[in-house]
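Chain lettering (A, B, C, D and E) follows the sequence in which the chains are written, and residue indices restart at 1 in each chain.
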Amino acid sequence: MCENKYKVVSGPEGYLPPAASLMGVLLPDEGSALLEGDIVKEEDAMQQIAKKLCNAKNPVIFPGPLILWDWADGVIEKAKLVKKLADVAGAKIIPMPDYRPKYPKINPEVEINPNHPNITIWHNDIDVCIFVGVHCHYANVALKIIRGGTDCYTISLCAEVGHEDAMVSMRDLDVKKLQKLIDIIENEKSS
Amino acid sequence: MISNIDIRMAGLGGQGVVTAAHILGTAVVSAGKHSAVNPFFGAEKRLAPAESYVRMADRPVYDRGEILYPDLIMIFAPEVITMGKSYTMPFYSGLKEKGLVMINSDEPILSEKEQAGLDKLGATLFYIPATKLAMEFAGTELATNMTMLGALCGLVDLVEIDTVIEAVAQRFSGKSKFVASGTTAVLDESIKSKYAKVSLLIEKNTTAITKAYEYTKKLNQSK
Amino acid sequence: MSNRIITPVKEFEDLLPQEYKDLVADGPFFAEKGVDDLGTFKEIMEQHPHCAGCGEALGMRLVLAGLPTPQDTLIIGTPGCSFFGLAQTALNYSNTAFGNQNAVASGLKRMLQIRYPDKHKDVVVMVGDGGIADIGLDYTLHSWFRKEKITTIMLDNEVYGNTGGQESGMSKEGKVLNMAPTGKKFPKIPVFELAKTSGCCYVAKVTIASPKKIGKVIRRAILIAREIGPTYVQLFTPCPTNLKFAPDQTLKVAKEAEKDYYPFEEFISDDAAAYLAKVEQAKGDGKS
Amino acid sequence: MNIEQKNVSPEHILFEAPRDKAFITGSEAVAEAVKRANIDMSIAYPITPQSESMHLIGDLYAQGYIKDYYRAENEFAVMAAVHGASLGGGRVFTATSGPGTLRAAEMFPVWAGSRQPIVCGFMCRGISLPPSIQPENIEMTFLLDSGMLMFHAENAQDFFDMILKGYAIAEKPDVHLPVGVFVDGFFTTHTREIVMLPPEDIRLSPYDPKCSPVPAFDMETPPMRVVRDPLLNKSNFISYAANASWHQEILAAAERSKKYINHYMNGLIEVDNPKAKILIAASGTAVAQSREAIRDLQAEGIDVGLIKVKSIRPFPEKEIQAATENAEIIIVPEFNAGGWLAREIKASLDHNSRVISAPRIFGGMPMPKELIVNEVKHAIKKRA
Amino acid sequence: MMGVRVAEDKCIGCKICIYACPEPNVIKLTDSKKVTIECIKCKSCLLCVSACPKKALTKDEA
């Protein structure tokens, strides 16, 4: 649909990679998604997510605080589907329970932190990851660091407007879209 | 009716030059024309020199700030000239050729030099006993700004006198709080306290404006 | 009560790191805990980078244990040593610039009152002596003059710790410190007295050598701030690194100060006292 | 007091609602905007020429339009307290001027760094010794890299609209940055002019902190543990990388705001007569003065176009490049001694010798249109 | 290895060491009312040692 010159692909991009937004990558309007910097149909983005997950050696879902804690109505329904998504995709789940810069260090076996996400990615050899339920600011910070220092393929499932620094970014993620994504992954698995 | 005119009003703090400018601008706008009005941007203290500026036009007015080259100058107090209570010296500096000057005074006050300056510009000069008219018809010298406005409308065909009177009523009705500066708001209260009721204030002001209007209308015809 | 944000979603409960599981199971959120219970519950502060024997870290630990409802407590701080431990604490903590903490807390408290008119949201300022008595004195005093319903806690280590041991207004007279190479020329700033005359309804001065008193004082300060007005607690938390004593001497230093110039003092206004009697009686605890 | 106002979208209040003519000052326009902005809280500290607007906002509080309002102890305290209030998840407004801006300056990067959608009015004035309350906008140069979005209003109408638009833009989840709406003090605050206002029985829908890219600071939004300020851990390379990424995210957010600025403000710049070989590029009151000058120049047969720079941050680099493609002379009149706008424009353009940084007016003096006219004629003569 | 050793026979479970430790969640009281120390988080300030009235705590020299 909308082609951008700058491609948001897996890194490592080096010392301090530019924010994709500053390289001209625009967030899509409602109904569209972002695939490696280009605005595409939501369905295409879902297909890509399914393909990436099914071909990954070690796909991992990083659920954030918004979905780990039962703080608002509707969280449980989403959480159930994220769990199901992990099951269907055969992905591990490593949580991001909060955003503090952990002292003295995080345990990369069991958690990820937005301030040093790479430790978890390197330690667990994660090649595809999904961010879900993380506040946009912290997701963006983490996605930039990951792209700078790892070759991990990043996917963000965002309830707001999405993330340019992820390789695939879905926006306005709700229960319906999650279910659709699960169906597409199931399809991909069986084909 | 005259369009596109820039007016500089000079007086002493507390005399109502800011309010006069506001009322005139309001009248112009409600008559469907354009106007921008601003006070002199200084420390606002009673009896200190004060100026305000009214721009009016039949097209949008963008220009703002002090009017350096006015078409018309209104002097609200003789002291502006005689005692130099002004930041603009001489008082007519910047006046455009064939401009008009109104001075609130019962008698001529200009020095020969000043008169010569005006003559060189081909300016027309009117003395208006505005404070005297204010005392007579409104019972307070605080209505000097009203009589100056009335006088202005009698001399120059800017806007219908009724529109000005409406603007006065709007200004003092208390429906919308008028804010030129913190000090103006305080003065407003003191003027209102001189009258038992706002309606009386408006009535007195209306009389003062009308009388001053009639005064200059006659003056103009006799000239 | 806002325990929902510390209630895990079932699907992910098992996946949470141990410290979070402990916080949920044994923390002070679902069952009320106090200083008395230390050692038997999961404290909300985690490992921190404070120096060995840090009086301030101990002070924070005791204060945090004394919070009546940590799940509705928000802490505002400043840059400085206190940041390190508080950033590792399981409640909302923020510092912004240096010294403006009481101004930030004023805005925050008022907004939370607007948004949650039926809840007590305890806004607590917890910062060092430099933040309160020096750079932030205006903001501290003005929040008291305005009767903001916040609790201000000074972690008084009598020195600028994080910047490397400079004289603060709360340093002792005569003390040789960085930027006071010939010794401090004036006495400690009487913030405790200023608090009493500036509108605080409850003011207390205590040292880390009296942990149970800290628990009592913090509880009182926060309860009174909910209903009556501003409260202030000045907590002596000596700094072994910059005051140059051995880390195992911190409590000894505090004890000596208590005897010498830092005695326990408490001031309570009449209306605060009446209110406190009511709540302590209603609780039937007199929990101290 | 019970205020009956209907909550509406920014699109409705800005584009759809009918508007009526009012003859008001810039200060009054601020209050009219705040009245329709559904503000939770406002905090004030007096300074000329900001005071009148914040008095009026106090009146709005007394009338029940705002839920809390107080006079703080100084500008740093004001900016700190509105920060605290904004952390708490509500909508806030304040304003200041010149020396107040500089006194409070430490807080502006804090607002941006912690992604607070605060809208602040800046009624610019002189800042230095000799003390000056007079209009000039030198304070803007100190804020160019504070992380705030900066809009420069030409007149009271802009001021009114940009405050409401400021909230609409600032509160987008992918933007969520503070917005400074700047005017040249007195020229706008104290000038009475025609302003078109939507009805006062409508207001913006309330701020929803749930859509924020950072958690509201209320112990109702997870996580409990969160560091909202830049990460102050003395640590190692990876911590610095986190810090740098955080900063990049603020720059990225400003970049994302362009889409919304285009939508709500009809572009970061506005161009009249772009084909002219001579362009005047200006912001704020200098735009108004340029319009008068252009009217005179056109009357004399000199073809001059105008670029009105509305968004100073993000800076419309590409837009100005495109608009000046055919220009041979670009005059940049400014109300400050530093010439910061000309510097920004020069840095954006190739062949920047085309840019003439003049006239520069400061100290509170007005900028008569004649000065701009002369500058244009002088430039033409010099080229010929 | 830094740390502090507890002599269980001397510990009376008075918890004074717990109130003295600047580190959170390091010294805990067991069900048998003795303290245990999680040495991995201990910074060896020895405040607990100097605070213990029964001399039940000693520096772990190992």
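Assume contacts are C-beta pairs under 8 Å (C-beta built on N, C-alpha and C of every residue); 3 or more make two chains touch, one makes a residue touch a chain.
Values in this document were obtained by computation on a predicted structure and should not be read as measured data.
Each step here moves to a touching chain, and the least such steps from chain B to chain E number 3. Between chain B and chain C, the least number of touch steps comes to 2. Looking at chain D and chain E, the chains in contact with each of them are C.
Highest C-beta contact pair count among chain pairs: C-D. Averaged Cα coordinates give chain A a centre that lies 39 Å from the centre of chain C. Here the CA centre of chain A is 35 Å from the CA centre of chain D. Taking each chain's centre as the average of its CA atoms, chain A and chain E sit 44 Å apart.
Rounded to whole angstrom, the centroid-to-centroid distance between chain C and chain E, based on C-alpha atoms, equals 25 Å.
Among all residues of chain C, those that touch two or more other chains are 4-6, 46-49, 84, 87-88, 90. For chain D, the set of residues touching two or more other chains reads 220-227, 233. In chain A, the residues that reach two or more other chains under the touch definition are 68-69, 71-72, 97-98, 100-101, 103. Contact between chains, per the stated criterion, is found for A-C, A-D, B-D, C-D, C-E.
By the touch rule above, chain D contacts chain A in their complex via residues 115, 172-174, 176, 210-215, 220-227, 231, 233, 235, 238-239, 241-242, 244-246, 248-249, 251-253, 255-256, 259. Touching chain C in their complex are the following residues of chain A: 63, 67-72, 75-76, 79-80, 82-83, 93-95, 97-98, 100-104, 107, 110-111.
Listing the residues of chain C that touch chain D in their complex gives 2, 4-6, 49, 71-74, 76, 79, 83-84, 87-97, 100, 103-116, 121, 138-139, 142, 146.
Against chain D, the residues of chain B that register as touching in their complex are 21-22, 25-26, 29-30, 34-39, 41-43, 61-66, 68-69, 177, 179-182, 185. Looking at the complex, you find that chain C touches chain E at residues 35, 38-40, 42-48, 50-58, 61-62, 211-212, 240, 247-252.
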